[in-house]
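Two complexes, one shared chain (subunit A), two partners (subunit B, subunit C).
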Partner chain A sequence: MKITLEALCKLFGKVKAVDNLNLEIRDGEFVALLGPSGCGKTTTLLMLAGIYKPFSGSIRFGEKVVNHLIPKERNIGMVFQSYALYPHMSAFDNISYPLKLKKVHKREMKKRVQETADMMGIGELLDRKPAELSGGQQQRVAVARALVKEPAILLFDEPLSNLDAKLRLRMRGEIKRLQESLGVTSVYVTHDQVEAMTMASRIAVMNYGVLQTYGVPNQLYDHPDTLFVAGFIGAPPMNFLEMRFEERDNGFYLKSQALEIRIPDERGALAKQNDVPQRVTMGIRPEDISVVAERDGDFKAEVYLIEPLGREDLVTFRFDAEEIRALTPAPFDGWTGETICLKLDKEKVHLFNPETRFSVLKPGNGGSS
Partner chain B sequence: MRGQLAPYVFLSPTLVLVVLFFFIPLVMVFILSFTNLDMTNFGILAWWNPVNWSLDNYVKIFTNRFFPKILGNTIMYVVLTLTVFNVGMALVIALITTHINRRAGFAFRVLWFLPRITPVVVYIMMWKALAGPAPMGIINSILGPLGIGSGKYLLNTAPWIFIILANGFIGASFGMILFSSAIEAIPKDYLMASKVDGATTWQTIRYVELPALKWPLLFVTTYQTLSLLTSFQYIMLLTDGGPGLYQTEVWALTAYHRALTSYFGNTQWGYGAAWSVVLVIIGIVMAVIYMRVFKFGELVEEPKIDQL
Partner chain C sequence: MIIRPKVKPVLAYLALIVPSTLVLLGFLWLLITSFSTRTEGLRSLGWTLHNWRFLWESPFGPGYPSVWRITLNTLLMSLIMTVIVVVVSSMTGYALARMKFPGRKSFLSLTLILHAFPSVTLLIPIYFVLLWITKIPFIGRGVPLLGGFGYNTVGGVALVMVAFQLPFGIWIMKGFFDNISWDMERSALIDGASRFKVWWQIIMPNIKPGVAALSVFSFLTAWNAYLIPLTFMVGRSGKSAVLSLYLQNFISESVMTEWNAVAAVGLFQLIPVVVFFLFTQEALLNIYGGGKKGGV
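The block that comes next holds the complex of A and B.
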């Protein structure tokens, strides 16, 4: 089922929880709504579910406007962060609840519940109450309950945040596989950018109720539209430095007190086309900074903190009252307080207008593409 | 040592009060129920001496000519007030006031609380004014012009309706407060999940909210049964068991009448105590039955969490 959101707004009192949201979700697609808490992602999901009524704008399932349909009439399945399993009902009763409400025949109901439960690997646990199930099992019951009525749309509201790290990784994979094999259009709300990146075919990043960007995970990572997206996606986050943009000797330069780098001509030209201001915010991801011998370096910095991550070491450098973090191959060859030469990958330098907070490396000053 | 003693020092005033004014009277009532202590032999009868104890009072109760009438009255009074108001109406108000605008709901609940905080005598005077005969009675002055009713004193023509209404309007607010706070404590996720699963509001109430009210329901039903069984002050002030002979006399009122008022020139403390003791036993039996009906044991079942 295709979902189309047009100029969707939701107000709580005077607070705009969702502000003029336009979004199209293709049939069978897995879209993540990503953003910090309070960004309007859950509000959007609850409007899709029919729990909240939009203030203005429209929601269409396929071609049908569903703004005023109650949840019952929308054929959706939803998995909650708390799982929201009815505590007084057994797993069987929980899963069969949507079918009972649809007045499905008893024998048919039993068959479908068993099939769905078996698919989720909880076929043996159907007589248990939620309190007698572990977190992971409860999660599976919740997914089974959402799936059992064969919904046209699946909604997930941070379903993995109550699980421990190991289980979360496993359920992440299972939910993705499940969605791919069933092909149900799914909307997945999360504040965890790793979850969004790994699971979704497209990610919609929201902040303060406004859609920041909408695109495939790699595009968001490699070519972020806005400062917010650049800073939100990626762990450890992107480094930002205030620089001066200069054009001289047929080249483009970024300059600050401590360093000066020349950026590739086509990047510089694109930035210039986009009316790059003199003062720009440069973004560089930690993995695009490398430790080099003195003659190859762009600038010198002092090692401030070394955090081994196993595969790599996260090293924080200080220079000139600035701080920058780099991912270096482990083990890091240096000690705290040592001054070391760093080199930036100029092909991976991002430039943002600090006023508009949009990237100047995108045609048309960013916006969703 | 001082630190360990301090809590008991603080608790002792209550302990003394409870022992003095609850436990000792309780034991005394129990003993008195086996004696024929009354106004005439007070100070003469050694009521504490087992020689003077017998089951005569209990035989008298169950062979009393009005025993079936009093028992029937008590059952009718408790069952009707409990089901219609103390649980039924309380649940309805709680459900309605929690499903509408929060402030309106709160205001509504405050209104329902007014009878409870009105002084008993004032409250009963208001009911008497309502029930008064034409042309003074409020209800009769409305019904009269419409040609309904005879205009007689309604406490004489329909005493039970007024007894149940007067008690119910007070009783409902207790359950209402407990039920509405229990409903508001249900995580919103359950209600959303139920709606998404395809339930109407009524179905959500039926399948998700009411089961969550099992414990408040058990508590209110048990507590209110016991409190209705032992309450007589509203009936006493409204009809005092009348208008006819024992027409609205309930068990607790009988105990009061026998022990502390004098129909025949004596005040039968021993006989009244026996009525009270039977009432206490009935109360305990009722409480045990409720526990069984609501399957108290289910709550303390062993958990079955294992792997994953």
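The block that comes next holds the complex of A and C.
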């Protein structure tokens, strides 16, 4: 089922929880709504579910406007962060509840509940009450309950946040595989960018109720639209440095007190086309910084902190009152306080207009916005 | 002075034992007195069953109802009050905890004010209301068993008690509903339940302790009620009297009061309460656990 959101707004008192949201979710797609807490992602999900009524704008499932349909009429399944199982019912009764309300015949109900439970690997636990199940098992019951009525749309509200790290990783894979095999259009709300990156086919990043960007994970990572997206997606986060943009000697340069780099011509030209201001914010991801021998380096910095991550080491450098983080192959060959030469991958440098907070490396992101 | 760790529990027990003993002594006195011809303190001056004869013959003469009829009245009044209070409070409490409607906040504060309102001041207006209800055919005073819902009827008095108990009940139930997660309710709505089904099939089973607590509390309040039955029932041992009035009937200004008989009737009224309390004290404690989380 295709979902279309048009100019969707939701107010709580005077607070705009969702502001003019436009989004199209293709049939069978797995879309993540990503953003920090309070960004309006859960509000959006609850509007899709029919729990909240939009203030203005429209929600369409397929071609049908569903703004005023109650949850029951929307044919959706939803999984909550708190699982929201009914504590007084057994797992079987929990899963069968949607079917019971639909007045499905008992034998058919039993069969479908068993099938769904088997698929979720909880077929043996159906006579237990939620309190007698572990967190992971409860989550499986919740997913089974959402799936059993064969919904046209699946909604997930941070379903993995209450699980421990190991289980989260496993459930992440299972939900993704399940969604792919069933092909149900799914909307997944999370504040965890890793979850969004790994699971979703497209990610909608929201902040303060406003859609920041909408695209496939790699595009968001490699070519972020805004400063917010650049900083939010990726762990450890992108480094930002205030620089001056200069064009001279047929080349484009970024300059600060401690550092001057030449950026590739086509990047510079694109930035110029987008009315790049003289003062720009440069973004560079930690993995795009490397430690090099002195003659190859762009600038020198002092090692401030070394954090081993196993496969890589995260090293914080200080130079000229700035801090910059780099991912280096482990073990890092250096010690705290040592001065070392660093090189930036110029192909991976991002440039943002600090006023508009938009990237100047995207066609059409010029001064207008 | 530093109290050593071992002394502390001893002090706590002492603080509990002393007042409990005093209270228990009162009950013991009641028990001994009810089986004695006379007593000196806790010492009986002769054992007898004479004080308990009200169980098989009316002490006020044959024209008066037996104690069993009076007990039935009390039971009916308590049950009516319990049922109405629980049903109305749980529906109102749910609406106040979960739904948005104009006037919700004022209703909530009004409930609290009504709870704090001294009911005695309303006795006279209520008297007129009950008189007015009495004039309605059938409902007024023609309902079998209850008498009706007007003045001097079990039903009427029960309704007045309900009115006084409701603000408390609503507030308590709202507290219990507030503790139920929104997600569970949303989940049920998405599963396809109507609002009523959500309330009845999902929420209510999860606040059973609250329902139990309020039931017990309401039942005991009604069972022990004195002022309202006294005001709205004619004759302390009339056809519609309840136990507390029956008991009061033994204490008169003109004849010497038979304190031993009073003790027996008092004990008789007490027995169901004690038995009831033994089985439900856990539920009763819940009312303070759940009820304190109010808030608008």
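One rule holds for everything that comes next: the second predicted complex is superposed on the first by the 365 of 369 C-alpha atoms of A that agree within 3 Å, B and C clash if a C-alpha of one lies under 4 Å from a C-alpha of the other, contacts with A are read in each partner's own complex, and residues count from 1 in each chain.
In the analysis below, a contact is a pair of C-beta atoms (placed from the backbone, for glycine too) under 8 Å apart; a residue touches a chain by one contact, two chains touch by 3 or more.
Just so it is clear, the structure is predicted and the values come from calculations on it, not from any experiment.
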- prompt: For the three-chain model obtained by superposing on subunit A, do subunit B and subunit C clash or fit?
  reply: clash
Query: Looking at the overlay, does A:L309 come into contact with subunit B only (first), subunit C only (second), both, or neither?
result: neither
- request: Considering only touches as defined above, state whether A:Q137 meets subunit B (first), subunit C (second), both or neither.
  value: first
- prompt: Between subunit B (first) and subunit C (second), which, if any, makes contact with A:V65: first, second, both or neither?
  reply: neither
Message: Going by the contact rule set out at the top, does A:R128 touch subunit B (first), subunit C (second), both, or neither?
response: first
- request: Considering only touches as defined above, state whether A:V216 meets subunit B (first), subunit C (second), both or neither.
  value: neither
Message: With both complexes overlaid on chain A, does A:R145 touch subunit B (first), subunit C (second), both or neither?
response: both
Query: Does subunit C touch more residues of subunit A than subunit B does, or is it the other way round?
result: B
- prompt: Looking at the overlay, does A:K102 come into contact with subunit B only (first), subunit C only (second), both, or neither?
  reply: both
- prompt: On subunit A, what residues does subunit B touch that subunit C touches as well?
  reply: 46, 49-51, 70-72, 76-78, 80-82, 84, 86-88, 97-98, 101-102, 145, 149
- request: Write out the stretch or stretches of subunit A touching subunit B in their complex.
  value: 46, 49-51, 70-72, 76-78, 80-82, 84, 86-89, 97-98, 101-102, 128, 131-134, 136-137, 145, 149, 155, 167
Query: Which residues of subunit A touch subunit C in the complex?
result: 46, 49-51, 70-72, 74, 76-78, 80-82, 84-88, 97-98, 101-102, 145, 149
Message: Considering only the defined contacts, which subunit C positions touch subunit A in the complex?
response: 181, 183-184, 186-194, 197, 202, 205-206
- line: subunit B residues touching subunit A in their complex are 187, 189-190, 192-200, 203, 207-208, 211-212, 214, 303-308
